[in-house]
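One structure is given below, encoded as structure tokens.
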């Protein structure tokens, strides 16, 4: 495969560039008979869409969901869902100035080396816009997970060096940065606005919690649940790291501290982050991802042009000064897709319809 | 697939349990005509094998490499290499005491919930022993990479809270913990020995540097080079996190700091860790993985038995008090496999024999 | 995967039902830098479209090609091509009468048993309309093959018991049934018109010849070139069999007759059909497929309704009385896709950019 | 992948050459908890092994089954089964004479063009010996199918132009050619012995019947059940064609004849061969494969050497004059593997543990 598909039994294939006519996704392997209305998907799209607040890009993509196949009388048929999102606010000419420059932090340089040809209008497939299809597909997966009592929630844990001190679940969707601490959220927003005014940007950390996954989900060896989640998260453009449970802090812990002991009530701690040997323990699955600062900034930066000659670049455009708030629904979407895929693989392993052996 | 295969055009499939008769690997997609001698593979196996020093398990597995197919007169034929490593020091009876207990930090509990059946002798597929086949396959990939000037080296960066302060490349293979700082190495070894004496264990951080990868390797969107490396690393039992370049530190950086600017000499920094948009930049690829403390410790721990009744467990056995030194060649092996696979996919994309368009 | 994707390095994923809003395809793994104009693809679509002559269905689908991504300034970029074909002549209400009946020869009964739910308007994914996306993708593959001198041509060999006696290559696209014998073509057309008048249908045999494939294409063991071609052809709805070279006639031949001997000029015969051990010999690749009679006929037939009660059905609609003429471009398209995929896999095997060993 | 793996949820990967040390298979995705004894697998191996009668090669491979992983206390654990079959009767020196010649009908020429290097001892991966691993894996799949009441039986239908006139199921395993007509079997054996005496060989047709498959198995579009069976069968070296149900005869039938009508008792005929739209109907699945004459014959044939100079070759060795009797268990094995894989995919589609929607 050439890299635009993800998943095995619940499989998504995306297409589209940021400044083309549309982006979208084919979702193959959808459980048939699922009641699915467009409003449910649209709700997730709206969480991702630009222009939600002062801290996101003013680019307006209404991201209106169109389902062109795979649904009949409000229910999935089991055949591929095709979801398309027409691009409504393309301004490719805005990119004329940078046609011959490599933008620092962007994939311009690497795409040209990979393909020998480059569409310079926006970031093409490397654009955050590509994730719109993922969020649409993720909504379908989320709907399936709801039926088995699984819930997924990601939120901002840290932005620009400001850390959340509390975990107030109900506050997350109420503030513009989707932080779990409303006090920290206010400081984060101030910080972002200040940086935006200077033409700079900042990064952050997003945490994700998944509840209700029954023990036994995940395949040993290469397709461990955490390995597949790691791949899913690192496949999101701005993500530079991931850690599960105690994560990097485990490096300084003793075995006697890190091991999650058990008694008849269950696990006494969750340093493992809900996954042992690549398989879910039934505890909350917890991971954090490192989000880099937005690459597009208007401060002048050194770069070269296609001929390798020194140039100065200042990326004027409509960009989020911090990606965290809008990456939250993308992280949730990818987590939903990984989980449904692994639930389906677990069903295949036991293939109850074939044999009932145990 | 059921999780025991990895890679697409250079593909490995492993089999075997820690206390069965053998472990091994089928390597499919090997470039034909490669000169390959067993000693070259054996050298990598010897770096992974137990019993190398006071800080590794005294279990003796000679890990003698047997190649049963895919080679003819010292050269690869392009057909699947099959490499088998017979287990020479199985003591399954050593596990009789824990037949009905879940060892904390191990996959006993999750395997039973996944499969409904469990082989209690050792950790089965979740054992570090499974990685022997990966190291053998990785040696083949490494040989291919040598031909294009790519080198891979991993080393211990931190153990038990003790951090390396210097980077002395030549010292790495000279100390028992494979640390890049010989002074820190002495302290690490003392720490490990002290913990081992108390029946405890510790974790650490391993860093990997890959040099000589030309720009353009990696597939956009889901099969990004960093996404595939992340999956590969998280598929190793004890790994709980990964970060590329500046990694989690990027969360507190500004865009103007994190962006790697360029001039006509090349990149001015490498916060990206050698990968932009999922594709290699030509700079050094750098990532770090978090290694958890060894789960098997002899200190008493709380657990339950198969009936859910509270029990105390003390894992007596032959285990590494710190996995870092022996995980180094496994990390290198997986990195080699990911890279060869992506080099091959790049060749497929341009398919020079089919067309020459650019 | 759930069955809507085909290929590995050149990979197509289709979506869409016959009476939904659109059908289409994502083509991933396209060689970058390929000059590709819409007219080239449209030409192949027009060969497949209905309403071409008296022997094809009067349903009018203009099948106008829209490419929404993967192309820039007339050249492929290497990112996924997305091609959509809006359905322009849906009449789902025409299917109201058969909402509760299983049409003989159709997949109505099996879809309901598979999914537990059925979209009764037309044949959904089992409709020949699904192949429109394949033909579009196949045109891209064909363009790539042209660059290496490979040509593919399929044609009708037999219809309704009338066999071609000659092979006149230039006549194929000149007659309405795409037969290689213009005299037989006249009889075939008469036969089809007569059957159509009676409300019946007929089958036939289509042969495909591929020239210019260099020796060495195809993977041994499971992904043999003939195995992948067989899968590709049997994945087309109406195909019930395939044979290569001498095919079923080989069953009655001696080894001394069937073996293709060689001398310094090359092969002395081509009973193998251009493939030995699953790998191309450099000779013409020749295979034939059996095409069943169109299932939709207006003659009354016995069937049951959803409750299992006996019913009589007469399928009134707009259907081809013989599928052969319109299946020809679908067979060519799938052959092109298989070949490009295998050319790319051969490039990956030798990965010239990585090593040059031989 | 490089071609040595088959299947998705029940996946086999084979290795080994005819004159190397061993052949074998990793079977991944085995349902856990299955009672599996070696004798059950050995029984299938014995049906495939050489030296069973006067009509098979005298080469003696005891094909003793060794399972090195994936089984514990007589039950499968769900982790990969590894089955190895050591080669016991290699005589690579017997091939010295042909080191520099291309044997007609063999893959010598194509392997050299593909890989640029060739192991001339026997046929390497193209040897029928590679199928030993398939038969071992197929026995595991067969055991799983038994639990759901599915039975698979292949048998010789025609050899050397002699056709079976009756279908006597109980006679199949009683005659040396596994023909379904004992009278025809006697003539077939005479014919084979006569040809063997002259140094020639012959082909035949093998039919396979699968009973008890419930309706709904198979994926629409590309992974149709018949498409996957076709690929599986064409992946067997000597197979040159396949047809389902009425097969090639459908080309001369009318729609009114070919359509399988229904009444409340079920289907009134089975021209479809048990598959409609790529999905099982619940009727018997029936297909036939064309088997070419054995390529190795001792009659002199024209060929060229590595330098392209004309030569005469006479393949002296231990070969079956007709492959049909020994291909029967290979065909059954591949059919079992395809079916279990599709049963598992059907389980994944409905993922009962996740949701129960219908």
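Lettered A, B, C and D in written order, each chain numbered from 1.
Just so we're on the same page, contacts are C-beta pairs under 8 Å (C-beta built on N, C-alpha and C of every residue); 3 or more make two chains touch, one makes a residue touch a chain.
In this text the structure is predicted, and so the values were computed from the model without any measurement.
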Mind listing the chains that sit against subunit A and also against subunit D?
B, C
Of the chain pairs B-D and B-C, which one is connected by the greater count of C-beta contacts?
B-D
Compute the distance, rounded to whole Å, between the mean C-alpha positions of subunit C and subunit D.
26
Could you state the distance in Å from the CA-based centre of subunit B to that of subunit D?
38
CA centroids of subunit B and subunit C: separation to the nearest Å works out as 45
Residue list for subunit B, restricted to those that touch at least two other chains
1-5, 8-9, 14, 29, 32-33, 78-79, 114-117, 125, 214, 220, 345-346, 349-350, 358
Touching subunit D in the complex: which residues of subunit B?
1-5, 8-11, 13-17, 20-24, 26, 28-30, 32-33, 68-70, 72, 75, 77-82, 84, 114-119, 121, 124-125
Which part of subunit D faces subunit A closely enough to touch in the complex?
8-9, 29, 31-35, 78-79, 144-145, 147-148, 214, 220, 340, 343-358
For subunit C, which residues count as touching subunit D in their complex?
1-6, 8, 14, 102, 104-107, 109-111, 113-117, 123, 125-126, 130, 158-161, 195, 200-205, 214-224, 226-235, 237, 240-264, 268, 272-273, 275-282, 290-297, 299, 301-304, 308-310, 345-346, 349-350, 358
